[in-house]
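Per-chain numbering from 1; labels A, B and C assigned in written order.
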Amino acid sequence: MKHRALLIVAGLVGAGTLAVSLSVAAAGTSRPAAPAKAAAYPAPKVPNAAAIKAKYHGQKITFVGDSVGNGHVRDLALAKRFTKDTGIKVNVVPHPAASDQAYSDLVRNFSQKSSSIDVAMIDVVWPGAFAPYLVDLKPKLGKQSKIHAPGIVAADTVGGKLVAMPWFGDFGLLYYRTDLLTKYGYSKPPTSWSQLFAMAKKIQTGEQKSNPSFYGFVFQGNAYEGLTCNALEWIASAGGGHYIDNGKASINNSKAQTILDAMRAQIGKITPRGVTSYQEDQTEHAFDNGDAAFARNWPYQYGIGATAGSKVKGKFSVAPLPHGANGKSVATVGGWQLAVSKYSKHKDATIEFVRYMTSKPVEKFDAITNSNVPTIPSLAKDKQVYKTNPYLKPATASVARVARPSKFLKTHYNEASKAIFQGINQILNGTPAKSVLPALQSKLNTILKEK
Amino acid sequence: MSTAAEAGRARTRPTSRAYWLRRSPVGRFIKRLAFWVLIAAIFIYALFPFYWAVRSAFTPPSELFNTPIQYFPTHPTLANFRDALNTDFFRRALLNSTIVAGSVTLISLLIGSLAAYALGRFRFRGRSAVLYLMLSMTIFPQIAILGALYTMISNFHLYNTLGALILTYLIFTLPFTVWVLTTFMRGLPGDLEEAAYVDGATPIQVFYKVLLPLIAPGLVTTGLLAFIAAWNEYLYAVSFIQTPQNYTVPLAITSFVGKSGQAFQVPWGSIMAATVIVTLPLIAATLVLQRRILAGLTAGAVKG
Amino acid sequence: MSSVATPAPVSGRRRRRTKLQRRQSRLAWLLLLPALAVVAFVAIYPLGKTVYQSFTNQEFLAGITPTKWVGLENYRTLWHDTLFRNSVIETVKFTLITVSFEFVLGLVIALVVNSSFKGRGLMRAVMLVPWAIPTVVAAKMWQWMLDDVFGVVNDIGVRTGILSHPHAWISDPATALASVCAVDIWKTTPFVALLLLAGLQVIPRDLYEAADVDGAGPVQQFFRITLPLLRPAILVVLIFRTLDALRVFDVFYVFFGQRPDTQTMAIYNQSTIVGDGHVGYGAAISVAIFLIISLFVVIYVTFVRVTDE
């Protein structure tokens, strides 16, 4: 055959690629590289380690922690320290990156009454869903919970039981380009949404002349949990409620309609048309690439933009998100908690682990090495913490927090959130709010009635 | 000869231009040109996305999001490949997928060839029924039994194990294997076994000494198709596998997260590098074995 | 079909099964046992269980409420479920678009590649490549190519002047379905072309030569010789592609996730079971999907039989 030689070459190329790749991998390290900051700041030692060691030495617990990346690295470092000091072996399993997948995985684990997970990292909106399957931490950790932010502790308390300990927080921020504001004659960031729209439009018109991919405002508009968070900030800041208030769906009101329609009108005008597919990473890329004047994102974006080599280093800052007419600025609460499974075979050892992870020194470690928001208010004043997390300044840190309505939805939170983000995504993609909100309200009420 | 052609030409006026195109040197040249342009178009159409994946894989992450877009990486780097291969669960995924696809293929071939032996070389009541059952299984919608499968899998404590995938993948590999191998079995001469029976061979001996070697090409073909189908499966993998250690390749590719950030960054460079690592061997295998693959597909679809 | 080893019953002989036939029959069933067992266990039993579940209100996170029989209630809800109805419409639209494009394009490509030329084998191999790639991998590649800011499709479009500005192919509802169809068409057209090519190559050359002598033009030859003789291959390709398209999941999942206006039947089903935890209602959806697909099969079989005079 004439092209036999060609086929043999192709086969060799394929095999060669595989061989080269594997050797490249072998030459490299087998663990993701730890950030340089971690080396400078070590994992704190475990208080009361000797007593813990005496009682629980040798036990093995499984911890479902942060997804692969910096968070996983932090988990490994802390687990290693904990094992070294107490002799309790901690098996760290990263959870899937997608929040709803992590949720489904935990659902499956609990519905099988499996003892394979002892402690899991759970989203701030999940305690209501998983409460029947979690250990009450109040007897052993109630005292420690008092140093954490009371709002978060309240979110973690279901039916009088403290089902999870706050671990690190998150809240929505407005990122803005300080240099562009100055260039176009603005002295401070916008305080209302209409102001933001106007400023974004002016800056965008000017910048697009030299950079056609520049847009005024980017946020998370994809049909996923992040949109529930973003939209809550718009609606609550305009006086439109919190999707569900006092146990009943409240989304179908004129204030919510107005702000949602206002956002809809801006899609493709001061935002990229594709913003309805954006999640956190696209938002961060756009802003850190210099292609956006304003961005709504979580605090994690700050650290990335501030690293050496970033295009926007030194050119941006954060502010509270704008509010609607006659409203006040709010920020959606995010963040993660640690919860102990009631099917665990090593509850006491696990609780000691949780005690360590949610202690002040470890939260400080997390804040400095991973720029995670500590849930202990006193840490915000710590100089080292403040240095790596400048968004902890009072102006942004003290903004009123709003929570998603997981309290009322319990095990059906995922389903309700899906109805919410699907409805809002539909509005952003062009359907007027008054065609979507009534159906959304009745769907939410139906879900609320589900046992 | 020429009179017939001329007579033909005179008779059918409307095709004369086509005739001219076909015969005259200019017409021939245009035809050839158009032909090769079309071939080139098909070639580019099939392969451009790969070129783009390769180009993105070799572009440093900092330049991936530059505008204007570079069509050829100016600073090619192996960094993305290193990142992809350093990702623990990606390496494991290559291993896991090989285990799953390999096991499914072997089991399908073993069980399938036995069944094909029965269906292709024996005559018995119910044979057509079984054949139609196997055919209808090839159009079975996997999504329809997802919930029930999940319950079964957790009852057998197979959840989050490769065993769950090996078991459930048989749903789509086994019927197709049986169907194609039966066609091959039926294609063999009818009195093949008689000589062996006369020599005192048992049916099983006839099976692995006489028939199996003869349908060896069919085994290779269906084995390949089963392997590729199992390798590429996503729905069951995403529903039954939980921990990254047990991911298969499709799951791993969709689970890449950035290293320098938290769970929110999509590292297109590493994803494309992983894609290249995964697809190059597949492409090579396809190029080398394309005749086998085609034989199997057509045996199952066209002749069957 | 070739004959088999057992002696066939000759007409006129008594229809009593010989000892040999009975033994052959037993052996055949024994050989079939593993395959049938697997099929029964991983396909038939779950299907039956799904049907049963569709009549209950089973949930994943049921807590303490026991699962109970609810009869046709799930189906009543399903009938009024607009999300499900939209997903069926979306799936059918996707099926119609992709199958027609793939068929027409595939036929054209098959005709082009059918002539013998240097490198035909390589061409065939190259055409198989998109089919061999995992669908999610292909989806990821296209997602990157269709990116609204950094995508190469937009770049080429703007540079060549076809587009006035970059377009958000995936986000814009007007082009969302088109973008997902593009991936499927890219991936499957070559495969369709190869199957049709195999069918084309079975057609004897001398039929065309005779037609040439008779003065028939290429168009006439196509409709009079090629299409009728290609019919079996075309029918097989159509039914398999249609059924594959009706079950589509991977590409939509990668591109759109949970986006409401672009859900297919499979995505809606998976999201109801795995995301919401409604096992009973999800089972009803599964049964409905199964029935819809069976309906297409019945239509197809009837069509084949009717046009098979």
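As a working rule, a residue touches a chain if its C-beta (ideal position, glycine included) is under 8 Å from a C-beta of that chain, and two chains touch if they have at least 3 such contacts.
As the structure is a prediction and not an experimental result, all values here were calculated from the model.
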With centres defined by CA atoms only, which chain is the most remote from chain C? A
Have a look at A-C versus A-B and report the one with more C-beta pairs in contact. A-B
Could you state the distance in Å from the CA-based centre of chain B to that of chain C? 14
Length of the line joining the C-alpha centres of chain A and chain C, rounded to whole Å: 38
Give the residues of chain A touching no fewer than two other chains, as numbers and ranges. 7, 108, 212-213
Which residues belonging to chain B are in contact with no fewer than two other chains? 65, 67, 282-283, 285, 287
If you look at chain C, which of its residues touch at least two other chains? 121-122, 125, 149, 274
Looking at the complex, which residues from chain A come into contact with chain C? 1-3, 6-7, 100, 104, 107-108, 110-111, 129, 132, 212-213, 222-224, 268, 272-277, 286, 291, 411-412, 414-415, 418, 421-423, 425-426, 429-430, 451
Quick one: which bits of chain C touch chain B in the complex? Just the residue numbers, please. 1-6, 8, 21, 24-25, 27-29, 31-32, 34-36, 38-39, 42-43, 45-47, 49-50, 53, 109, 112-113, 115, 117, 121-130, 132-138, 140-142, 144-145, 149-150, 152, 155, 186, 190-191, 194-195, 198-199, 202, 213-218, 220, 232-233, 236-237, 239-240, 243, 246-247, 249-250, 253-254, 265-266, 269-270, 273-274, 279, 282-283, 286-287, 289-290, 293, 297
Mind pulling up the chain C residues that touch chain A in the complex? 60-63, 65, 118-119, 121-122, 125, 147-149, 165-168, 170-173, 256-261, 271, 274-278
Mind pulling up the chain B residues that touch chain A in the complex? 62, 65, 67, 78, 81-82, 85-89, 91, 154, 159, 242-245, 255, 257-266, 276-277, 280-285, 287-288
Would you mind writing out the residues of chain A in touch with chain B in their complex? 7-8, 10-11, 13-15, 17-18, 21-22, 24-25, 28-33, 66-71, 93-94, 96-97, 105, 108-109, 112, 211-213, 279-282, 284-285, 289, 298, 300, 304, 307, 309, 370
